[in-house]
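After this come two complexes, each holding subunit A, first together with subunit B and then together with subunit C.
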Partner chain A sequence: MSIEQLYRTRAKELLSSGEVKMVIGYGAGSNKERRRPLFITSAEECDKLVLDSACISNLSGYLLTEGLLSDEKRVAVFLRPEGVRALNVLAAEAQLDTAQIVIIGFDSPKGELKALEGSSVEEFTALITALKEITPETAGEEQLAKIEKMSPEERFLFWQEEFSKCIKCYACRQACPMCYCRRCIVDSNQPQWVNTSSHTLGNFEWNIVRAFHLSGRCVECGNCDRACPVNIPLRLINRKMAEEVLNSFNHFAGTSKTQEPVLASFKKDDSETFIL
Partner chain B sequence: MSKIGVFICHCGENIGAKVDCTRLASTLGDHPGVASSIEYKYFCSDPGQESVKKAIRDNNLTGVVVAACSPRMHEATFRKACAEAGLNPYMCEIANIREQCSWVHNDNDKATDKAIDIVRSMVEKVKRNNNLQPIEVPVTRRALVIGGGIAGIQAALDIANAGQEVVLVEREPSLGGHMAQLSETFPTLDCSQCIMTPRMVEAAQHPKIRLLTYAEIESVDGYIGNFQVKVRLKARYVNKSTCTGCGECITKCPSKKISSEFDCGIGKRTAIYTPFAQAVPNIPVIDKNSCTYFKNGKCKICVKTCPLDCIDFEMQDEFEDLEIGAIVVATGFQVQNNAMYGEYGFGKYQDVITGLQFERLASASGPTGGKVQRPSDGKEPETVVFIQCAGSRDPSKGVKYCSKICCMYTAKHAMLYAHKVHGGKSKIFYMDIRAAGKGYDEFTRRAIEEDEAGYLRGRVSKVWLENGKLMVRGVDTLLGKPVEIAADMVVLATAMVAQPDAKEFAKTIGIGYDEYGFFNEAHLKLRPVESSTAGIFLAGACQSPKDIPDSVAQASASASKVLALFSKEKLEREPVIAVNNESTCAGCWGCVLACPYGAIEKKDIMDRSGKLIKRVASVNPGLCQGCGTCVTFCRSNSIDLAGFTEKQIFAEVMGL
Partner chain C sequence: MSEPFEPKITAFVCTYCTYAGADLAGTSRLKYAPNVRIIRLPCTGRISPMFILKALQKGADGILISGCHPGDCHFTHGNYHARRRWMVFRALLAFTGIPEERIKYSWISAAEGLKFADLINSITEDIRKLGPFDQYHKLIEETQAPASL
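Here is the complex of A and B:
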């Protein structure tokens, strides 16, 4: 039986037994490369579920839909390893209770689909810990190396160029599971710290604020990068911030559901060369 | 509509000579929302303050900006004046055009332009100020003194004698600190223990002082007037309540060759021990690392010896929580390890010792009973070379600062040596003789003139052993000649350094420290005994190298600060506290974790039927110190700081 078949059956069982009230998975998209999120509440619909290597978006963000988890019933969700990490971060930030989530885990390294054992976040701890040790593969590895070699002036020009494309549609924010604030800082206009018009200053402000808000939290699922309609390589910024946080504080986002947020916590042996 | 009054102070020539105050006043007078803009020579003077009050009443002002010196100087003055005129004091702000403008610029025109910007920016802020009411918090009238050396004992006694409760915590088994180790003290040559031990006994017997020896601070939470302190009482393995201090166990303990910390390694002690004969409390402790029973599981001779069954090998560390109103930190210093000076041979030659080791040699309670003898062979040294600044004032290998006490104690050592070994020759290599203090210069002169201390101005380059003598090669810069002295003993005036764990400790209790690990005072000149954390005071050598008179004086000064704090039942606090907007709060609890004062709690918001709608952060105004850490952390900008709201800061920036 294919993994897709296996997971369809599993979804059916979960729904018909009443163990979960909903399964969040992937359905067919407009073409073979695109997959849509599917929200299934009855066993009959489970045959619509699709699972292949094109299922790349991180579905964990949908769990935070207002009211979805407030009845304390359980929800199953299709997740890649970075999706499980996202669950841990969200649980650490008190946005959800992982006991309510049934994970249907999968991964597709080098395009080959494989099922992942386990249905609770704790069962993925070993896998995530192993991820911390290896350098994650990034689509823009070459580009990243190129940016690292640039002088600060060149780098500034590079990002100025990239950010000049930004149309402030905030698709990155909407796609990101970590952007769950009820009111985003850009939507606060008393005072309006971040300029909403699409000029250099406003574009820098928005993208830098977002990079800082994600540092130590981003699991590099790539949702923002794929959502960006003007193709700003947002993933590169998040990669860089993740690297900084790992090197400075040995912090890898989403290793456990009780992990303390790196920028709000303090350890006595933290390096503090920046404090005078 | 705002009616802001702008008051431009000349501060004599301080501001007036650089800033064109007339232009400043007229420009601000035209600024929207400004109802009155006047200049005066000294607004802090009585007539100056009166004119502010008059302007408030005459113009029904809604806010006041005083353009003058730093708010650290006169903010309180002008806020009080505003309150007297019926305005909420928090509607008054200071625009600093002295330290931040006139004092640092030369070009009058540009300085005036900048002053206009500074004042305008503050006017924009004041337009958005709100009336605030001060917060009252209760004060726990119980002080914690950390460190049982002379500074800690003095502070504890002063506070206790004023009728307030004190908990005195010392991490060693006995009170006493470094002063108990000294032989005699400069400049009077009275015996250190003779003047120290009565204080130790007094502290131990004082009904208002609770003594916790062999104890360490685990954590400090809370804030001024309301600290929660957790203390670890280390296991002594001897029952404190039944032990009479008879000393039988110490006499019988078979492990007798343990290097004594109190004697700086030149004496020995047993595994069950009191550091010295007059220890307070006189209750031994078992050194777990050296005890035969703890190492091999056999021995227990002390258990068999003890007539009162006080020994308990099963004893565990205990923890105690204390409610404390104020803290005096008197954790003292250490002497620098001189092993890094290979050229002096410390650690290589037994007869090269530190000043503190010499103190133990010269002390009647020391391992030689007060006889000056070489550690190597017990012979009386005929020539002793003292090397000053062995570590101090040496930016390359030691520390940059002057340890302050070494000139005096080296002169004292030379005198003690002359008194104890008649005919003994002492040679002192020095850089400068720093003897500022009452009776100090007279003391060093006495060492030179009456006790024939031979001072050589210069440094030592090498010490080596030749034919049983320690050869000291140095230079006499006053003669301009190299010198070589064959000595029997070399004493290094080692630098005073911070305790090795001082930085760690500072982080535990939440105070600042300098590059060396000495604790920072709030202001070197005007607030020398306060730390930058309200309610925590400093005494003794933990702040900087100090001698006994200075340590005692600072201890009494911190005690007076503590007593001033305890003189009121309630403490009035600035209402600059964080406020959370519950409708936008995402409940991520980052602020709860980030808050250094534990002032943010989780709060459930319910609907009418008691169903949980959401959970948000809630700031406890009694605990909040207004540091703003939560504000910077909050991603959704839900938390704001009263008196420094985002709106105010934004207006201030945009006003520039």
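Here is the complex of A and C:
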């Protein structure tokens, strides 16, 4: 039986036994390459579920939809390892209770679909810990190395050019499971921290702020990068910041649901070579 | 002849240590460069990275952020939290091309009036050598130009 078939059956069982009230998965999209999120509440609909290597978006953000989990019923969700990490981060930040989530895990390393064992975040701990040791291939290591070799002026020019394209649509924010704030800092105007116009300065500020707020929380699922309509390589900033928190604080976002948020904790012997 | 470049430096300091240090520099009649604008905050933990961006947005050429030495924080650990944040924010700024030399961090206690005066002098000299932060100033100018239609 294909994994898709297997998981359709699984979803059916979960729904008909009443174990979950909803399954969040993938369905056919607007064309062959695309998949779109599917929210299923009855066993009959489960045949609409699609699962293949094109199912790339991280669905964990939908769990925070207002009111979805407040009746304490459970919800099943299709997740890749990044999605499970995202769940851990959200739980560590008290946004959801992982006991209410049934994971239907899968991955597709090198385009080959495989099922992942386990339905609770704890069962994925070993897998996630192993991920900490490897640098993801998709992140554009080469491009990153190139940027790091540049002089500050060149780097500024590089990002100036990229950020000048930004239209402040905030799609990156909407697509990100970690961007759950009811009131984002860019929406606040007392005081107005970030210029609202999409001129390069405002865009620079916006992208810096977002990257900072995602530092140590981003699980590099790539939702923001794919959502960006003008193709700003957000993955490069995400990768850089993930590297930074790993090297400086040995922090890998989403290893457990009780992990301390890196920027809300400290060690007395944190490095401070740069402080005069 | 154009006027010589005078760097604009914004200092965000905590009230219990560095501000008191600056005060000591004043009452001790120590002379230091007048290029610095001091902004006093309750604690280094209150110094949000947004302040740095705001100062740049308003045309600062250099920024100093300073507070109590580790272990001396009036609120016991505001400066430890701040230190982590700076570490991460600093890396981010460097990655986007905002030169590290323009943004300095220090611990200055209430007793270190001399350290404060010396630091302000040396930072002012450093920034003077670097020159105005033209790359950023150009972005600011662009925001003031009428929109092209």
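Methods note: the second predicted complex is superposed on the first by the 272 of 276 C-alpha atoms of A that agree within 3 Å, B and C clash if a C-alpha of one lies under 4 Å from a C-alpha of the other, contacts with A are read in each partner's own complex, and residues count from 1 in each chain.
Keep in mind that, in the parts below, a contact is a pair of C-beta atoms (placed from the backbone, for glycine too) under 8 Å apart; a residue touches a chain by one contact, two chains touch by 3 or more.
These figures come from a predicted structure and were not determined experimentally.
Undergrad: Please work out whether A:Ile185 is in contact with subunit B alone, subunit C alone, both, or neither, and reply first, second, both or neither.
TA: A:Ile185 sits against subunit B and subunit C alike.
Undergrad: In the overlay, answer first, second, both or neither for which of subunit B and subunit C A:Glu133 touches.
TA: Once the two structures are laid over each other on A, A:Glu133 reaches no partner at all.
Undergrad: With both structures placed on chain A, which of the two partners, subunit B or subunit C, ends up touching more residues of subunit A?
TA: In the superposed model, C touches more residues of subunit A.
Undergrad: Name the contact category of A:Leu263: first (subunit B only), second (subunit C only), both, or neither.
TA: The answer is both, since A:Leu263 touches subunit B and subunit C.
Undergrad: Could you tell me if A:Glu117 is touching subunit B, subunit C, both of them or neither one (first, second, both, neither)?
TA: neither
Undergrad: Using the superposition on chain A described above, determine whether A:Ala94 touches subunit B (first), subunit C (second), both, or neither.
TA: A:Ala94: touches subunit B, not subunit C.
Undergrad: I'd like to know which partner A:Glu33 touches here: subunit B for first, subunit C for second, both or neither.
TA: Neither partner.
Undergrad: Check the residue A:Glu142 against both partner chains and state whether it touches subunit B (first), subunit C (second), both, or neither.
TA: neither
Undergrad: Report for A:Ala211: first if it touches subunit B alone, second if subunit C alone, otherwise both or neither.
TA: second
Undergrad: Regarding the shared-chain residue A:Trp193, is it in contact with subunit B (first), subunit C (second), both, or neither?
TA: Both partners, subunit B and subunit C.
Undergrad: Could you pull out which residues of subunit A sit against subunit B in one structure and against subunit C in the other?
TA: In subunit A, positions 185, 193, 263-265, 268 sit in both the subunit B and subunit C interfaces.
Undergrad: Note which residues of subunit C are touching subunit A in the complex, please.
TA: By the definition above, subunit C touches subunit A via 49-50, 53-54, 57, 70, 77, 80-81, 83-100, 104-107, 119, 135-136, 139-140, 142-143.
Undergrad: Along subunit B, where are the residues that touch subunit A in the complex?
TA: 504, 507-508, 583-591, 593-594, 612, 615, 633, 635-638, 646-647, 650-651
Undergrad: Subunit C touches which residues of subunit A in the complex?
TA: It comes out as residues 147-148, 150, 152-160, 185, 193-195, 197, 199-202, 204-205, 207-209, 211-212, 215-216, 237, 240-241, 244-245, 248-249, 262-268, 270-272, 274-276.
Undergrad: Could you please specify the touching residues of subunit A with respect to subunit B in the complex?
TA: The touching residues are 70, 93-95, 180-185, 188, 190-191, 193, 213, 260-261, 263-265, 268.
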